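The two complexes that follow have subunit A in common; it is paired with subunit B in the first and with subunit C in the second.
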Partner chain A sequence: MAETRLIEISPVTRVEGHGKVTIHLDENNQVDEARLHIVEFRGFERFIRGRLLWEVPVIVQRLCGICPVSHHLAAAKAMDQIVGVDVLPPTAEKMRRLMHYGQVMQSHVLHFFHLSAPDLLFGFGAPAEKRNIFEVIRENPELGLRAVLMRKFGQEIIEATAGKKIHGTGAIPGGINRNLDIATRDRLLGQVDQMLDWSQAALSIARTYVETHAETVAGFGTFPSSHMALVREGDGALDLYHGRLRALNSAGAPIFDMLDYCDYHKVLVEDVRSWSYMKFPFIAALGPDDGWYRVGPLARMNTASFIDTPLANAAHGALRAFSGGMNHSTLANHWARMIEVVHCVEKIRELLHDPDLQGTDLVAKGERRFEGIGVIEAPRGNLIHHYKVDEHDQVTYCNLIVSTTHNNEGMNRAVKDVAVKHLSGQPRITEGMLNHVEVAIRAYDPCLSCATHALGQMPLQIEVYDADARLIDRAGQCL
Partner chain B sequence: MSESFQFRIDGVEVTARPGQTIMEAADAAGIYIPRLCDVEGLRHQGGCRVCTVKSGGRSVSACTQPAEPGLEVENDSAARNRVRRDLVEMLFHEGNHLCPICEKSGNCELQAMAYRLDMTEATRFPWLEPCRDLDASHPDIALDTNRCISCGRCIRASQDMDGKGVFGYVGRGIHRRVAVNGADLAHTDAALADHAMHVCPVGCIIRKGEGFQVPIGERHFDHGLIGHEIEDRARKDGRK
Partner chain C sequence: MPLTAAAPTRRVLLIGYGNPGRGDDGLGPAVAAEIEALAIRGLTVDIDYQLTVDHAALIAAHDVVVFADAMIGLAVPYRFAEVDAAQPATLGSHQVSPEAALALARLLFGHAPPGWMLAIAGQDFGEVKEGLSQPARENLAGAVAFLRGWMAEAGSVPVAALHRVE
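Our next item is the complex of A and B:
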């Protein structure tokens, strides 16, 4: 019997958002293997070496144009440890939190409305020319306008706290470099109630979709897995900025809980595979075969004991009730994501009323250390930054585990699940089938989704190989 | 005291004193002549040539050329600024200037000069991409020589104001570089309080720990183009 083979992929460097799916068929046209290849190589972990510690939060945020704040803050948290600061001044921590909630909000809104809404509104098999934000705006101008204005609000929060909407400089080792002036606060407060209304409406769209398409959702990339996220120390509440690590198995039982994230390397191992530049982390106690897990909005809904803002907490309860426990559906990420948008706006409103944001104690100092680990819940999931710095203030070691990396195996499973259900026995690839695979990947909002430059399209390429490893078909929207 | 005299810059009459350079007289008159190697308090060098003006049919550096009665000086013309932009662009090409991640961004005179001269991209010359060191050996100061433009300010400040000689030129031609007088900065008598540590126009001489403490919006050139202080002075006096 002929065997399938791995496919050689040439890397596309410095390109955000290029992925490739390969699907191997056996002699009976049944899917034998399906893989999502990440063919980018960034190299930040190497070229950050030698740079000065206070530069790191500004340099590493260039990893991404969609959620740079996440990298900025994760690196800043690591550098806090290196400059010996365990507790930030209240103004600094609250400004950083405000920045982060603005970031998560705008990123989630971007993903839901600009990237996924065309699939959800028009159907996975809708014509390609229909699946873009412009068609959403054409068919529902009010919804399109909200999408734009909600993202704008999130970016204005970032600008107010970091100095720029993209790639600012707000967080510095030990604190923040600005507070929030009254005029900016009042301008943002003037919009926040409207944002809360719109975020609830967006939540309703996502929830209704999952509830009314229960059969589709259940049969589309749904498979049991472990889930991991930060939760707030002590009570296990959702906390996007800081907390302790909690990992639950597919039945909801803890694998580890309230773990100091500085010990991440004791519980997580990073595996590598020859066909992808992305690593495959797994939970050490479960081994490489069973230790894979998922992160992101749905993982956070599964792991959080509750949410400390009322509207989001009620929505969290509804999702948990609908799921009857742990939810393993890839498409339920959309619902979870919109719950987080509501949570972020509630938090933003709470913070804007907090006078600590006008405080002037911005930076703390401490005794110098030589290693720091910063962990944050980025829009796409858990994000780990780990650095070592020498006595000359130069970085000597860097390890980054980004959300999309955590989700690597999960996305591959989703790709295979959808490919098996929609491809097996179908030697020809249809446009609708192509998009089904995309929808599965897109639900994880991976950083490779090139969200900043693709309108309804991913530069995603699908190749189908027969049992003799001959390429028999290829489809892609950006070929 | 000798009597002052007049000359013209771009058709505007300027009063100068004997011994003043064209640039000194222009500054006093509220006329900005772009410059990178020249800075108040240091002897003039005429090295970067960004201040090149046309005078008496010749191209001269305004920071070193004495003003003379009756001179007609061409400064803020398309031709002069085009040459300046070429010079600035070449400085970007021959170093490793990564503004988005540089702590000097917003306070950097090279970056500010590029903005003033409408240098929106640097694409016309080959990138040299030199392999240069970051010397962080000193406890208070770091040198990122990727960003050095060899303006020599630190050399003059160290020699003339600090009386030390921490910095000097090594090499010749395109290989001429600013270097420290020791195995590394830690093996010199450099100190944070030295004038030399405060005159770098770019992000080469770094005072450790400052980093990005100044927020975007409050950096020096967030308030206006480079040279705006000189031009604002003239506007306040109603001269322009």
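Our next item is the complex of A and C:
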């Protein structure tokens, strides 16, 4: 009987939450199959049933401690519809946008500098003890300091708009519960130009990496796929907070465009696989085999016609010119992510100068409805919240499609691609080789709807089994 | 080792972290909220879902830091121990330990204050759920009483300031 080996990487390190990779090798040490398993917590959709609609934008933040603002805003947008509000007062929409740009900025900064920079600066196969932010800081203290202060700036914006870092209450059905006071505005304005300078420097690092490692990037998790994101209604500009759905095929041709996101369920189908808890969405018109797609920063760069802030728009043009059209490289997500950081800071600066943020018309009212759908472009990609509410204001139905679920098939393809190229035929699998697989996953910045992070958890275990499920090798560490 | 140099102006930071929507994982925020309600002079309370890299800046701006978090498999209701700055093997947003946060503070800002870890035993972490389990509530009460007493005994803030500000 031919011997096969099973390698597990569980959990994946420097990925939000828990993930496990299994790699099956055949008797010639060729990669036979490689899969990313994610234990996504689906209990939330049951948990939310019976809760009052007013509570939902706050409660959903408990779904995830990594991107609570995204869930907060997506749920609030859904609840806007339920309270009959289609257009928010300018102060409310702009406060929400400010909150969102702060969230996206700080999330991207954390990911780039602290999770991915060690790989990009030191190499995917560098010794494990070298691939961490401490070494990045030692080699470039200024870079490390900027990263922390940029993230801190984003957190300050979230506190100013949401009220507090944990369980913020800023966005409410139909509007917002606060405006921005002058003192806070001025404090943030005092930092924003510095943030923009640092954002551009970060963008330069990401762009230079992709441009100077073109061969590596092209051969690392690069494969054609469809891409989907919200774009601004009318002109197709990048819009992280609101818009219409656009999906392009691998050649850049529209699959659907300017689609009302309330019709998402008419174009997307959530498939299941026996080996994963996480669903595999696909575009109905293309079917389960060809209809998978990617979301996130690179998908947004591919789908957006342009960006409505000058520095980010120039960077978007450079990325498109480099790519010659659609870009399908997993690692180009880093470049796209930093373009979005620049865009967010430009937007933050624009908003801080807008007197509407000091307005007092905070909430709109409308005619009560019983169903609401909120869609937002979260840091990691498209996020869908869908609710039904009864006459007692209690939630009766909830469906969430999070960014990582959208990207499920894409991440699996990236894992397989990288495993085949870097592990196949190797007599011995080293930690550095396995890190190549993790680099591919991390480029999508997946948030695995984390379980608890209490002390005593998060071990890293890599185990090798033979065809009879006997453990024949093990590597691991406690994080 | 208790702190010995009483200093009324000592800047004390308490960071309670965890997700209150995940059952007993909310122990860290719960202990921080109860201590915050005491309005202790000189004490800064930060409540967050988790320790993150930007906590390094806050930590470096204080003289003492106490981390409060839930712990799985702890045989006693709570454990209070000194923690030292130490670089972990890897670092992610879920893997920023108190030791790593202190090390980042020292590396980035040149100052890592003495750090203490208050680990509180929890039992129920498995699902989306509000509220603490009964054992966790009992452990929380003990941990809060201890921490309040420790702050007074350690002299990190004036004893008089431990009374609620009306």
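Quick note on the criterion: the second predicted complex is superposed on the first by the 427 of 479 C-alpha atoms of A that agree within 3 Å, B and C clash if a C-alpha of one lies under 4 Å from a C-alpha of the other, contacts with A are read in each partner's own complex, and residues count from 1 in each chain.
One rule holds in what follows: a residue touches a chain if its C-beta (ideal position, glycine included) is under 8 Å from a C-beta of that chain, and two chains touch if they have at least 3 such contacts.
Note that the structure is a prediction, hence the values are computed from the model and not measured.
Of the two partner chains placed by the overlay, only subunit C lies in contact with A:151; subunit B stays clear of it. Of the two partner chains, subunit B is the only one touched by A:50; subunit C is not. Contacts of A:59 after superposition: both subunit B and subunit C are touched.
When the two complexes are overlaid, the chain among subunit B and subunit C that reaches more residues of subunit A is C. Of the two partner chains, subunit B is the only one touched by A:393; subunit C is not.
Of the two partner chains placed by the overlay, only subunit C lies in contact with A:133; subunit B stays clear of it. In the superposed model, A:295 lies in contact with neither subunit B nor subunit C. By the touch criterion defined above, A:443 lies against neither subunit B nor subunit C after alignment on the C-alpha atoms of chain A.
When both complexes are overlaid on chain A, the residue A:167 reaches subunit B and subunit C alike. In the superposition on chain A, A:68 makes contact with subunit C only, while subunit B stays out of contact range. The residues of subunit A shared by its contacts with subunit B and with subunit C are 59, 62, 164, 167.
In the complex of the two chains, the subunit C residues touching subunit A come out as 18-25, 29, 46-50, 52-54, 56-57, 69-73, 87-95, 103-104, 107-108, 119, 122, 125-130.
Contacts from subunit A toward subunit B in the complex involve residues 50-52, 54-55, 57-59, 62, 162-164, 167-170, 172-173, 177-178, 363, 392-394. Across the complex, subunit A meets subunit C through its residues 13-17, 41, 43-44, 47, 59, 61-63, 65-66, 68, 106, 110, 114-115, 128-129, 131-134, 137-138, 141, 144-145, 147-149, 151-152, 155, 164-167, 450-458, 460, 477, 479. Partner subunit A is touched in their complex by these residues of subunit B: 100-101, 103, 134, 136-137, 142, 206, 208-217.
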